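The same chain A turns up in both complexes below, where it pairs with chain B and then with chain C.
The block that comes next holds the complex of A and B.
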């Protein structure tokens, strides 16, 4: 079953066309990695579909649907915090510094429609499910009191509060230490398996993509130039841009 | 081989509040031999940047000594040559931030020579030409200001400025993080050239194990302010002995789907929380090999066999 389907997505800033005819599908339960050099349009495309770009951006597509509901015409934001959860590069930036963790998580649950009486218990359960020890203490903590790894888990808990079908993760490990990043990837792959969660992962780390992605789509100048199963794309890339990208990334990670 | 830089028994404690004390470094010792590159490896909170700042004289320490060519840099000023400290120059993560935005590159280089007294005025144009050549920078960039340079060019000018002072030791703090992949490759080539052609001694601070593997002769692994493992790079990263070094290496995902998935599945359950450092070995709460003794005494680094340079602070695995 196709969860997210996009055909011929265009994003323009004035006369500048940043995303140019991008098409992709995310099936239920699958993890799709969007890869591409800086400036290839990965983040812009995703933010465009989710309705999170500033008003100067013009977003259009032949079709863009989430669970067969149109995304662009009716505004994708109604799915945020419900059918679609998002996590971003810097987990601390997703947390308001002046609110305790519990209050922020409960706000996400409120948006998701969880009744007030059960929010605290649900928040505790969410953190427990994500392997956070002593959740009561974490809920009472301020963001600055938590390590980067814990902040990322709280950010995931907030993204999962609305019991989403799709998790959008934009460079989720870049700001994390290597051991914390590895734990995060393990968590992500378990969530995909156990909850049947689909993940749209934006990453330029080939190791990260290899560890968790079922399929890879490679972007160049705002369009997908190649996509397929991770083993095939990484093992035998056919498009010259894919080869160029992987050559740059491999030299970077294993010169 | 002569020791260019020596750190012995350095401890640093931060006091964020009146009753708080955070041990950032505890009894850290290391030596960097002339012309070699030593990498400090560790995660956030390991103390690697604090140690770099101690070496640069930017951090107050409560104990320990920093020696350059055997001279204690903080000894009685009347007996310490004035230029000892200046021979070590830093290159920070964001190279643009250390270049004054109002100044042209030429003037920044001249100022560095002027302040350090490293090059007499008549020799300066020749010296600048030589530095540009060594760092792969075109002459016409000298008339630019920092906002007109690419990330890689900024870093090269920051390096040129450091070398213009006459420094022969560099402290590189996460030197690749601000660069895109092509500029990263070029920077790595440049560091190798500086080492080979100019015999520059380097302390490299990085959490990027692939960079360390390529660029460093020797490695010191820090965990929560202590040295847990040290030795030649091939030994420490090739046959790691300390469980923390092993965890670090096991956490890097290789660019191969089957191998990456295997590694992810084999990872131990691990909750690296920033709670106070326990007594005994700081890694004990996360350690798969932990025994009761680990929670009592803090292990010191010991050679893995008699006479070996490779040392690890783990009585269970050494």
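The block that comes next holds the complex of A and C.
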């Protein structure tokens, strides 16, 4: 079953066309990695579909649907925090600095429609499920008191508060150090398996993509140039832009 | 550093904040209850004790027959409470007397009342108008922001002193002698100048916050715009609001003295710390400096400003959860 379906997505900032005819599908339960060099339009495309770009961007598509419901023209708003959860690059910066972890988690649960009486217990349970030790203490803490890895788990807990079917993760490991990132990736693939969660992963890290993605779509200048199962794309890329991107990523990660 | 207490608990653990809040509370209560306290009539002239120096003995005196009769005839609740509580007893001029032998303590308390009212009006106008304009402009950004901020520039470029001169001249020319009309003009002027710094600082802060990662994240979590503005943007503007207030309130207190000095603010028989300082300055001479006339209102103003600043600083720190706690 196709969860998210996008055909011919265009995003323009004035006369500049940042995303040009992008098409992709995310099936239920699969993890799709959207790869591409910086500036290829990965994040812009996803934020555009979700209606999270600033007003000066114009977003259009032949079709853009989530569970067969249209996403564009603020249609995505009713799915955010419910059917679709998002996590971002810098987990600490994406938590509100003036609210305790508990208050933020409970706010996400409020948006998801969880009754007030059971919010605290649900928040504790969510953190426990994500392997956070001593959740009661974490709930009383401020974001700046937690490590990056813990902040990312809290961010996931907030994204999972609405029991989403799709998790959008925009470069979730960039701000984490290597060991924490590895733990995080294990957690992410376990979650996807246990909850039957689809993940749309935006990344330019080959290691991350190979670790969690079922399929890869490679973006160049705002359009998908190649897509397919991870092993095939990474093992034998056919498009010249894909080969160039992988070559660049390999030299980048070499010591 | 772990911090389990809320902002209010933190604020009241801070000794200097407690002292400052206590001083402000006492000063406000004294200023508001001036009519109940056994203070001498600030306008009562006694030429037998001109320029008396401050002193603690005697601490209390009995009202003169004339003043006692005036107190007995005064209508209203406050004089009645005073008669019931203190009878004919009156506090002696502990802070000395001025060139007409009037009690400087009593005059300072009355002057304090007007200065506090000016500061309170400035704070309220600043908070209401300055925060609304600044937060709206910064949050909307783009063209709306440019338009609103040009309007703020315009308001900032109005020569306030001239406006006051016109307003006062207009009141005089139209034969309005009602002192309350003057007070309205006076406070309206203070309001006009007070909100601009707040608007600018809040706008700059809101502009920076609106593109912050956590605002983007709250949108992605499905929060509505009002929720983001009121639960996520405004609380993060509180520290800069307090900074702006602690810049504005002292400026307004000084501006009040300045206007009064020009004869366009408070006029006799009304009193403010500004007019008291001015008459102290007029009475100053090298042979017999009579410094208490200058020092008493000056110290009163300094204590008020210091307490406001210490409290403002502590509130700002308490409102920011990121600061490490001892």
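We take it that the second predicted complex is superposed on the first by the 252 of 255 C-alpha atoms of A that agree within 3 Å, B and C clash if a C-alpha of one lies under 4 Å from a C-alpha of the other, contacts with A are read in each partner's own complex, and residues count from 1 in each chain.
What we mean here is this: a residue touches a chain if its C-beta (ideal position, glycine included) is under 8 Å from a C-beta of that chain, and two chains touch if they have at least 3 such contacts.
As the structure is a computational prediction, the values presented were derived from the model and not from experiment.
After overlaying the two complexes on the shared chain, residue contacts for A:80 are found with chain C alone; chain B is out of touch.
Once the two complexes are laid over each other on the shared chain, residue contacts for A:1 go to neither chain B nor chain C.
Contacts of A:148 after superposition: chain B is touched, whereas chain C is not reached. Within chain A, no residue touches chain B in one complex and chain C in the other. Residue ranges of chain A in contact with chain C, taken from their complex: 50, 52, 55-56, 77, 79-82, 85-86, 88-90, 93-99, 107-108, 111, 140-142, 144-145, 155, 158-159, 162, 168. Put simply, chain C touches chain A in their complex at residues 1-4, 142, 212-214, 216-223, 231-232, 235-236, 321-322. Looking at the complex, you find that chain B touches chain A at residues 43-44, 180-182, 184-185, 188, 207, 209-210, 214, 247-248, 250-261, 263-264, 267, 269-274. Across the complex, chain B is touched by residues 38, 131-133, 146-150, 177-183, 185-186, 189, 205-208, 210-212, 230-231, 234-235, 246, 248-255 of chain A.
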